[in-house]
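You will see subunit A twice below: alongside subunit B first, and alongside subunit C after that.
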Partner chain A sequence: MTLRFADKLIFGLLGVAAVLLGLSVLFFAQGKVIAFYLLGAVMLTSAVGVVVVKDLIRSAFLLALSFLCVGGLYVLLQADFLAAAQILIYAGAVAILFVFGVMLTRREQDPQMVHSFEFRVTAAVFIGFGLLVLLVRAIFALPWPSHPSSGAVANTVVSIGEHFFGRYILPFEIASVVLLMALIGAIVIARKENHRA
Partner chain B sequence: MNLTAILPEILVCLTALAVIGADLGTYRNDSRRRGLMAWIAGTGLTVALAVLFGWQLGGYQAFVGIYSSFRPDAMSWFFRCTLLVSGIFTVLLSVDYVKDRIRHAGEFYALLCLATLGAMFMVAATDMVTFYLALELLSISSFVLVALRKDSPKASEAALKYLVFGALSSGLMLYGLSFLFGMSGSLEYAQIFTYFRQYQEPFNLQLLVAVLMTLAGLGYKVSAVPFHMWTPDVYQGAPMPVTAFLSATSKVAAFAALLRILETLNVASLTPLWALVLMIMAALSMTLGNLVAAVQQDVKRMFAYSSIAHAGYILAGMVALGDSAAHDTALTAICYYLLVYVFMNLGAFAALMHLTRLAGSSRIPDLAGLATKAPWAAFILSCCLLSLTGLPPFAGFTGKFYLFGALLSAGSEYVWLVGVGVLNSVVSLYYYSRLMRLMYFAPTPELEGKDLTLSPALKLVSGFCLAGIVGLFLFPTPVLTFVSALSALL
Partner chain C sequence: MNPSLLMNVGLQHYLVLAAVLFCIGLYGVITSRNLIRVLMSIEFILNAANINFVAFSHFATPDPMAGQIFAIFIMTIAAAEAGVALAIVLAIYKHFQSVDIDRIHLMKG
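Presenting the complex of A and B:
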């Protein structure tokens, strides 16, 4: 079996993760910091991989990896419910949906994204890089104010539930209407038409 | 908690469900079923509008909002009425089109109601979560509405473009909003406003990114240059009633939301920044929109560019919001103009629906000489075009007059922008009058086998719209006094 670029990338990421995991066991006191950088590095690398890798299926799995790392970051922020939802919905449902989508719409050839280095790609890279520099500079321009109310909550599920049926009742209800609308829309677009004469 | 304040919204939501429910029944024939669904949608929206009017007569001001998610103030009352009017007119515009060409009539009307619902929540939202969810409700149902004609490749292409651009701009806007949240620590407009009023730091990159990204996302929704690229393709590819809906409801809702966000950011440290950005966007939109519209061969594309140009005029008025002396006049002018815009645009689309059906295409040369075959539609279209140009005796004139007046009273540094606007109105007269001249003075084509009668629904809409633009010109005072009393939008 020959290793493709994507496989090398995934194995590389796993290797980095293993090394960092070992380090975090050694330096347990700094576990949180190490975990943050570990998750961040894997998340960003796999996100870049999603765009760069040519094979759609590998892209989809890299995306799932990236989502998992975001879930890990939520754990670090002590948002346990959010982390579980992230892993269930994004890594579990969305990424797998992509895989199914690719599988079911597969043509004779494997879908391969075409990358060619023409003017547009170069321009996009430059613009993306410029945007990155701008955003990073903006993030580090000033210290972010800390707000006392944003402390850790012991039981986030209860607190989220209370907010859903209290302060954020209306957004919660609108979200349900959005879901209904998306359901109707998806069905009407995706259903097969039996054309009448 | 008291949900009375959102009774019209609940009614609109129930209407959407009722339409879906009615789709399940068995009917003697298909056109009866479609007619019934249009009737339910139209009636539901009208009842909601009637509730709003009834409240205004009997103590609307007493309502308590739902936290900061929904603010039942005078501005939201005004825009909800405007949106409902626009929704009802769109339903009327759709009746015949849906009968002929849309397969999934129930879904069409339901999505139309849900999109209107999203727009209504959007204009009343005063926190970022509600605003964003309402915006997505409006946007996603618009994507589906555009894609609903699956037999047309153009419609699919338009929907895909709309979706991709929409996702990108939502992402940009969310990034900007997350910066605002990160700095102020609150999702509520009122608290963000308080935070920035006490902001001590000198101007920095954080502010720049937050404001630019938020404006970029909203700039897409109102189709202002340089975020306008999707507009011509989507307007051309979408079914005609959906094009009308996008040009009226989406635009009004996005501008109303923009008004609230600008009020939030209307503080000494931020106003110069967004005023400058809006000024550039306004000048570019007016100029590019009008110049490109002048060379279009497709009437829907022409209206797309014309709607970009109109976004420019309104953004120019929004620049004046930054000046405390001109603030109130600018607010009045913008609200008034948006109301008028709904009437003149939907009127024009009502006439165009009839004319393009007769001509069998939406190319401008094909509309030549149709005035003798469809005198009423040609007359309505001419009136609406004159109003869009900003000529009396139509309300478009009054609207532009107040917009530019507000801008002039904001200070002498905006005179050039008014100059750009006036010059652009002249350019727009060129291409609007070209269409009128073609209809009236070109030789009449032979239309064999075409039904020349204007359908009652279109007659009704066009009559209402004409009454609207003439009535608002002759008696602008009630509306102007109502909107001039708007204050405290947070």
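Presenting the complex of A and C:
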């Protein structure tokens, strides 16, 4: 299968960024700052790739890469449990679920992409870019703290566990019920109907 | 832009990053014709919200755990959503033989 130029560009950029990330964390004193920028760059590049790349399987794996980079950002934010959960749930489960979804609904002649300049693309560019400009202006208009708050916890796992079985016990239980309902609902919706219901 | 703003990664850097990710997700939701790609874009939007929660909990909260716990709940709901939504996509595919949004415009079964 041949790659389009945009695909080649995205994959090339991702490769270069990954190499730079490894080198910077190993060799530079400012590794945390460089790691932030490179993780962000890889995340955004692969996110653009998910939306733009023509082949859906490729975009499913780019989705996994993007989720991994979000996990890396959580590590930089000292949320170690959340980083592990992100990698397990998103990169491990959700992305693979999407791969299965792509495989089960794949057809050769499906029109996967929008045709070049539809109204919808123009509208999406205006909406997305306008919202982005608005958000960035709002963010830079306000003074934000540039240093971590004093109460940062070193080991988040213990603290998260105590919160879950203390103050957040009710949402925790409700979340388990929601997961059970989603499990049953997904099976009921997607099962093969052997007998005529 | 002065260099200290670039080198001193603070809360606003994460907020900008999450805003860009959110807008990419929004663009994907609007432009995609394939249902599965729409779902992927929705995951980006949820992840952008998660990054914001964790960044705020790291930089600017009296209770450093609240944001992370909220993010965990969002993750739970997102996983449930992805499962149910893909089941619905499979059901739609069985019914219409297609996952193209433009061809699925009947609301009656």
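A few remarks follow.
One rule holds for everything that comes next: the second predicted complex is superposed on the first by the 157 of 197 C-alpha atoms of A that agree within 3 Å, B and C clash if a C-alpha of one lies under 4 Å from a C-alpha of the other, contacts with A are read in each partner's own complex, and residues count from 1 in each chain.
One rule holds in what follows: a contact is a pair of C-beta atoms (placed from the backbone, for glycine too) under 8 Å apart; a residue touches a chain by one contact, two chains touch by 3 or more.
What you see is a predicted model, and the numbers here were worked out from it, not measured in a lab.
Of the two partner chains, subunit C is the only one touched by A:44; subunit B is not. Using the contact criterion defined above for the overlaid structures, shared-chain residue A:182 touches subunit B and also reaches subunit C. The partner of subunit A that touches more of its residues, comparing subunit B with subunit C, is C. Of the two partner chains, subunit C is the only one that A:32 touches; subunit B does not reach it. Of the two partner chains placed around the shared chain by superposition, subunit B and subunit C are both touched by A:135. With both structures placed on the common chain, the touch criterion links A:144 to subunit B and to subunit C.
Shared-chain residue A:170: touches subunit B; no touch with subunit C. Contact with subunit C, but none with subunit B, is seen for A:159 once the two complexes are overlaid on the shared chain. Taken together, the two complexes place residues 135, 139, 144-145, 147, 149, 168, 171, 175, 178, 181-182, 185, 189 of subunit A in contact with subunit B and also with subunit C. Looking at the complex, you find that subunit C touches subunit A at residues 7-17, 19-28, 30-37, 39-41, 43-44, 47, 50-51, 54-55, 57-65, 68-69, 71-73, 75-84, 86-91, 93, 97-100.
Residues 30, 32-33, 36, 40, 43-44, 47-48, 50-51, 56, 59-60, 63, 66-67, 70, 73-74, 77-79, 81-82, 85-86, 89-90, 93-94, 97-98, 100-102, 104-105, 107, 110-114, 120-121, 123-125, 127-129, 131-132, 135-136, 139-140, 144-149, 151-153, 156, 159-160, 163-164, 168, 171, 175, 178-179, 181-183, 185-187, 189-190 of subunit A are the ones touching subunit C in the complex.
Every residue of subunit B that touches subunit A in the complex is listed here, in rising order: 1, 6, 13, 20, 66-67, 69-70, 103-104, 107, 110-111, 114, 117-118, 121, 129-130, 133-134, 136-137, 140-141, 143-144, 147-148, 150, 175, 179, 182-183, 185, 201, 204-206, 208-209. For subunit A in complex with subunit B, the touching residues are 134-135, 137-139, 141-142, 144-145, 147, 149-150, 167-171, 174-175, 177-178, 180-182, 184-185, 188-189, 193.
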